[in-house]
Amino acid sequence: MDILSWFVAIPVLTVMAILFAKDLKQTRIISAIGMSAQLGLTTWLVYAYLAERAAGNAAAWLFKYDVTWFTSLNIHYTVGVDGISVAMIALTSVVIFAGVFASWRTDYLPREFFISLILLSSGVFGFFISLDLFTMFLFYEIAVIPMYLLIGIWGTGPKEYSAMKLTLMLMGGSALIMVGLLGVYFNSAPAGQQLTFNLNEIAANGIPVVAQQFFFPMLFLGFGVLGALFPFHTWSPDGHASAPTAVSMLHAGVLMKLGGYGAFRVAIYLMPEAAQDQAWIFIILTSVSVVYGAFGAVVQKDLKYINAYSSVSHCGLVLFAILMMNQTALNGAILQMISHGLMTALFFALIGMIYGRTHTRMINEMGGLMKVLPFLGVAYVIAGLASLGLPGLSGFVAEMTIFVGAYQHTDLFHRFVTIMATTSIVVTAVYILRVVGVLLFGPIRDEHHLHLTDATWWERLSTVTLITAIAAVGIFPLWLSDMINFSLRPIVERIVAAL
Amino acid sequence: MMTEGIPLEYFLIVSTLMFFIGIFGFLTRKNLITMLMSIELILNSVNINFVAFNSYLYPHQMQGQFYSLIIIAVAAAEAAVAIAIIINIYRNFRSIETDKVDEMKY
Amino acid sequence: MTNYSYTLFIPLIPLAMFLLIGLTGHKFKPIVSGYAGTLGLTVAAFLSYITAIRYFFIEGAVDGTYPMIKAVSTVWLRFTDTLHIDLGVLIDPISVMMLVVITTVSLMVHLYSLGYMKGERGFARFYAFLSLFSFSMLGLVLATNIFQMYIFWELVGVSSFLLIGFYYEKPSAVAASKKAFIVTRFADLGFLIGILMLSFTTDTFDFKTLTSLDGPIITSTAGASFMGLSVITWSLIFIFIGGAGKSAMFPLHIWLPDAMEGPTPVSALIHAATMVVAGVYLVARLFPAYAIAAPDALHVVGYVGGFTSLFAAVIAITQIDIKRVLAFSTMSQIGYMMMSLGVSGYGDHEGLGYMASMFHLFTHAMFKALLFLGAGAIIHAVHSNNMTDMGGLRKYMPITHITFLIACLTIAGIPPLSGFWSKDEILAAALHHNPILFGIGFGVAGLTAFYMFRLYYNIFWGTDRHYHHTPHEAPAIMTFPLLFLAVASVFSGFLPFSHMVTSDGKPFEAHTDMLVAIPSVVIALIGITFATIMYKKPSTIPDRLAGSIKGLYKASLNKFWFDEIYLFVTKRVIFAYISRPIAWFDRHVVDATMNLVGWTVTTASNKIKGLQSGQLQQYAMVFVSSVVILVLLFVYLISK
Amino acid sequence: MTFQDILLMRHELLLSVLMLLILIIDLMLKGESRKSLIPVSLTLFLGVVIIGFLPASEGSIFGGMYKTNGTTLLMKNILNIATLIVFLQSAAWLKKEENNQKLAEFFILILSTLIGMNLMISSGDFLMFYIGLETATIPLAALAAYTHHQTKSAEAGIKLILSSALSSGILLYGISMIYGTTGSVYFTEVAAKWSNEPLNIMAFIFFFSGMAFKISLVPFHLWTADVYEGAPVNVTSYLSVVSKGSAAFVLMTVLYTVFPAMVEHWQTVLYVIAVLTMTIGNLFALRQKNMKRFLAFSSIAQAGFILLGIIGASQLGMTTTIFFVLTYVFTNLAAFGVVSAISNETGKENMDDYNGLYQTNPKLSLLLMLALFSLAGIPPVAGFFGKFFLFASAASQSFYWLVFIAVVNATISLYYYLLPVKAIFINKNENPIPSFKSDVYTRTGLIIAALGTLLIGLLSISYEYIASLSYGLQ
Amino acid sequence: MNNQVMFFLLSAIILIFSVLTVTTRRVLRAAVYLLFVLVATAGIYFQLQYNFLAAVQLTVYAGGIVVLIIFSILLTSHISERAPRASAAKAALSALATVAGAILVLLTVLQFNFTPARLEKVEPTVTNVGRALVSYKEYGYALPFEAISILLLAAMIGAIVVAKKESNQEKQK
């Protein structure tokens, strides 16, 4: 088996192993082993990828592997990675690894929980390695659907409502994607030639502009729903609020990135002309997302809602940058996906840990936790600082790349909305500091909180993993940025050539 | 010819009217058995069609005639089963009025 | 060219100390962290001095110009081929000067805090943050490009946030730290937008390119203009907003007085000597751009500075909290520096204002740090910030008293103390360029003398208060920095600044202009005299005076209600009219729309259930009419 | 006519022989020993199924009245397998005392309808088509009314027989007009002489309505839910899977081979009907509480999706339609299998009864979830592939708005498919259905259905095989 | 001329009794009217010289089905019982749909130009019918003949299954 398929295989094997587990203890050990192996494999992949590049391999896709699946429809199982997908895979591995440890103490139906969680991750990995739109879509849906059970069974609050809403909205998005993909497929080749789902072949053939005008909005909106595009973001606050910790982590950290990644890889890459024509509509929507999400977060009282709205804002920035369609902004978009993925996962992990102790997520019912929970408190501050774009943490790198890139756009409108979008950094500071100020600082409000115990080893492991990743990206962004840039160049050249 | 002076359309008019009378009966009769009778009218009208077409237009084959034959046979089978079920209904509901048979709905 | 690459260690050593203390500090006794931090900074200070000596005195000017040297530079993040963030070390007169200022003051604060913070919970944390701040501030001044500066700009902001909120269990401290961060963050937004605009026009971040006379910023005609000002001007104004925020210029000043909630050494270091002058440094850094390409922007700088200095001085007169008096004084003095930049030209003697500003920055750092540390010692002794709780302390704290007096005299501009020299140059520059600003500066000089001595008398003279325990002199570890800084305050005025730090790097001769010097000393003396009359002995004059100008007094006491205005804007406007409506809109319009879709579907489902009535004949009816309709439709209506 | 020619009909012949054989065996068995009829019939039928897979040639006999080709054979085999699964799943129900008297009749009636469907599939003219259709329908009405003591069952029977009689009357009227306008009832001759006069189109619509009734397309679907609910659960599953699947296939072949000349017309008709069917089916399914009724409306909506395949009017269309029927057979039988197992064991058929089922019967729960996901078109189970390809077929004719409506409907359908999942996994229940172990037949049936649901999509060979047999408009 | 009179007479009987079948309130009378219709239809077959078919019509339909229907009526209702009328609204709606349908269909049918195939006629004699019935060639009907037998068998068994009383079950009740 080729190296990339292992990324799907390891989660599946782990799931199978869990089927034989007897109790929580065995289940989580198996999960931890599986996901550690996945993390190891990822490390190896990053290394191997960089080594290949260093050795001068300039092919757009590395580690390609191709099997014909449905011959008559020309559907292939084609996998391959470029710098962008390697980065996304790395993000996913880190988050799922941390997620497994964050849910170390799942006592209700643990086997089922870990199975769903890991199955979901296999879908995500599959999505990132796919070069064939059909398999990409297949993995996309595999990644989305276990969410229903994960939230519905292990969630809190109005979990059934939230789970249903989330699932339906996301599947509504994927319905649009399906139409879009079919449209792409049937326009993927000149008349008389073999139709194809292969990303690169379609790009090489080019899609007629008339068809693009019709299918671009479908694909972009479809992926946009998962990317929390205003006004289709409302699944996010409720969904995240109800989801169990690891699920929120994975969902906000990784799944929402599928939206951005898809919008970029499929919608923009394949249909640049239409993207160019229609970008302004979506740019307005995404800049609304950015600012609106941030303002929406300011007055929330539930920690998870704050973070969910914050995610709307940050993910809006991803889509915003994608629509700018220049190298720097796109690079920023990818960086932002990674950055937001890591820090929002950290946020949700911490919120989960705090909730596990205080049994409330309402900030006005807590206070002064820094004193009793120093580790979690510090981690929360770090997450907050990352979120508000402190240099040295990942958020800064991503946001600055986006802003600089977006501002390089020659069109005055784009530069204007960029300035609009930058205002979000102030609002972000407002709500982050509000939370930190109320939750962690000040006097302790609830006497019961005086006896809380600080993080356990698995919680520390989960947290430290994410913080390390955040800091690594934030302090040494160049290798990541260069890796992404290298792979973006041909894409951007194609986009520019098309315009 | 015994059909001289009678255009094909006459047969079609008769059969069509009979067909819709049957349908009207099916839609309005309360009694299940009379609904079944309406069905027989419908099938009969179709038979007239087949036979008339066969006789007027395509007499080189007997397709229409045989179709009618088969329809008669099928109608018999249908009637047999339907009546069996109607009797069963009568046992269960103590009535064979179609309005009463609406235990399952919505 | 000399190799200055070792200067990299100047910021890196504090960083290492930060990581060391932050990660392992809790494993040792707290004092170890203090020593480690202090040691690290001692090394950094040592390296800074060596650098300064080498740069100014051993290497000296090359071809009559102090060179701008990129000692270290590495690409940190690449945006485009031309736009990339480099991290590096830039050695030029102002950065070297700032190295000296920062490491000196920081070292003093480190020493001082060993005594001041003794026994505090979070002692190690304090030193970790101090190290983090030192690292950030050093990184800021050594920045080779505007984006590196922005990075460290943010980092100093966050260090400041952490240090102001050091007593995180105290709600007022938390609120103050939040306020400081958010207000400066807002200003930083301006900075960022300025950077974006500037980089779009010039395609570079590099200071060397930006400030070189044949660089893009100065040679580009920058055709596009908005409201009569060129893009360059706008971008520089935006950048100045960033500087104004950090330097607490009106109207972004409101965070600074509150920032006094932090431990006093922090106020000395961050909110008096170093971080708050970053705005001045920023403008100075881009000075050629301001002076040549965007004189309009420079005027803005000058007027904002001038107004702030007057505004803050007026407020300082009435404040009770001694640290707040000092804070407003700081604002006022920084306003002075800004004003000085605003009235400067480029090159040679035209650049007098620039030189004066830097000079004042230097001297101010020394005497203001001294004032704050002195105030710290006092607070340490009295356990209160309010001058109403103080009086007659000269007997108990002789060293503090003397050093404090020296500092007061220095800031009042009494020759030959350092403050006189730098202030004199500023006024001279203003007189030549802008009489209005000169007038303001002149008046502020008098006000400064007045309120400083009001402070001085209220603390050390007047009547004794009932102290819980007798105030006593601070320990040696705290008085040593006082003495050191007092010496620096006295003598730093004799540094030949015009030979070292000039707008174009070329030394020039600055003369003391008697036309300016004499009146400025006179007005300072008048101020002191008034203060002496009113406050040396208990007196009713202040109350009567306050009564006679009640409105102004009240306005000043309430800081012209700026806090209230801000509160109104944030709570009433942003929260009540933006965020809450958005949150409401999100729940009740956007989300409701999504729910409405679901509701519509289920309602439709319920509405049409009659179709499935269970009536066989109704089914048949539907069947038949559907056939009829289909026939009608497809045979007669849609037939092709 | 040679023996070789006769062999072309081996499905029908074998089934007829089996039918008679069961009739004879039944005469020889008395009392309790009648129960042995179940394994005997199953074994014999298994033999028939296996023989059905032996390679066969294509051909046409009885002067073109009966035709076989690759797709018809395949379809018959699919129906055979489906029927086998239905038989397996019925065993537990048949073993009940109340059914002892009429065991054989169950098999005979089912087999006769299967013969009818096979004849319909292979028909080369409208006469055989009609006979097949009626043979496939009339005994079903008897089966629907199989349970005497239940009023619902009788009601289902009468609703089915009368509705179907009306519909076949209308269909026959249409055929009579087809005969009148083209002069023949042979498919090939009709196709050759077809013109798009108003009367032709009207005749087509009458004919189509009759077929639509059989596939339960809206607005000809109203009988479906009531009959499905009233009939014994295994008969319902047979109705919804085998009967519907065969009818869909026949509709497609008739449209492709008899009416290619009016392709644009029938595409428009299908377009409208598909939209109606999906939407109405979904809207009704939303509110259902009875599992059988729920699955009935679900199957209506699914029928609407099938039209998206047929509308493709090409080799792709045929392939995707047959492939979807294949996936649908296994998927729906898995769903019905679980419902039937629970119904046979506990008599409970309401969704609320399923609350907390996972706690007691995890395997059945998982299987039901799998089936529902497949029906909803969630990967990686078969339904996803089936649905995706169906949509591809419609998209290939540029019916993108139709596809759009379909995917919107698929999303709505996801809502109600998740309701049982919610009941099973999320809802709490004080008294869940107790844990039980089904008999070996049921389990075998469920396993076959589950395997099919899981593998048919992933193993592309099934699709490729169908594609190699399919043809487009002729 | 006679033909026409004959035809109109038969048509009139068919239509009038059809209407009566579906409107009379006495079920048994309806069955009798139906019988008249079926017989008249047979008359039309005779007129068209489809004697065999007419015979089948009389024996199977008139003789078989109608008798079956009458028996079932006797089983399920009282002779004197009058069937309730359909509600006016329902009747009106049905009438509307039916009339509209009839008009539409008639319009469509009548505007079609039927053209006879000018080919040699096969007389529908009993010989020819019999030959065709066992022929397995084209236009032979051996297969339908066999197939219908399966249907009839199945229908018979079905009818028995449905109608027969369950010995044990009923007793237990």
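Per-chain residue numbering starts at 1, and chain names A, B, C, D and E are given in the order in which the chains are listed.
By our rule, a residue touches a chain if its C-beta (ideal position, glycine included) is under 8 Å from a C-beta of that chain, and two chains touch if they have at least 3 such contacts.
This one's a predicted model, so the numbers in the text were calculated from it and none came from an experiment.
Counting steps between touching chains, the shortest path from chain A to chain E takes 2. Using the mean of the Cα atoms as each chain's centre, the chain most removed from chain B is C. Centroid distances from chain A, each centroid being the mean of CA atoms, peak for E. Taking the mean of each chain's C-alpha atoms, the chain whose centre lies closest to the overall C-alpha mean is A.
Of all chain pairs in this entry, the one linked by the most C-beta contacts is B-E. Averaging C-alpha coordinates per chain places the centre of chain C 77 Å away from that of chain D. A separation of 101 Å divides the Cα centre of chain C from that of chain E. Taking each chain's centre as the average of its CA atoms, chain A and chain D sit 42 Å apart. For the pair chain B and chain D, the distance between mean C-alpha positions equals 27 Å. Among the residues of chain C, those in touch with two or more other chains are 598, 609, 612, 614, 616-617, 620-621, 624, 627, 631, 635.
Looking at chain A, residues 168 sit in touch with two or more other chains. Counting only residues that touch two or more partner chains, chain E has 90, 94, 97-98, 101, 105, 108-109, 114, 117, 139, 141, 144, 148, 151, 154-155, 158-160, 162. Contacting chain pairs in the structure are A-C, A-D, B-C, B-D, B-E, C-D, C-E, D-E. Against chain A, in their complex, chain D makes its touches with residues 319, 373, 378-380, 384, 388-389, 391-392, 395-396, 398, 400, 403-404, 407-408, 410-411, 414-415, 418, 421-422, 425-426, 460, 463-464, 467.
Residues 23, 26-28, 35, 98-99, 101-106 of chain B are the ones that touch chain C when the two sit in their complex.
In the complex of the two chains, the chain D residues touching chain C come out as 158-159, 162-163, 166-167, 170, 196, 198, 201-202, 205-206, 209, 213, 219-220, 222-223, 225-226, 264-265, 268-269, 272, 280, 283-284, 286-287, 412, 415. In the complex of the two chains, the chain D residues touching chain E come out as 1, 16, 19, 23, 61-66, 97-98, 100-102, 105, 108-109, 112-113, 115-116, 119, 127-128, 131-132, 134-135, 138-139, 141-143, 145-146, 148-149, 157, 177, 180-181, 183, 197-199, 202. Of all the residues in chain A, the ones that touch chain C in their complex are 165, 168-169, 230-235, 237-238, 292, 295-296, 298-300, 309, 327-328, 331, 368, 370-371, 385, 388-392, 396-397, 400-401, 403-405, 407-408, 415, 418-419, 422-423, 425-426, 429-430, 433-434, 437, 440-443, 477-478, 481-482, 485.
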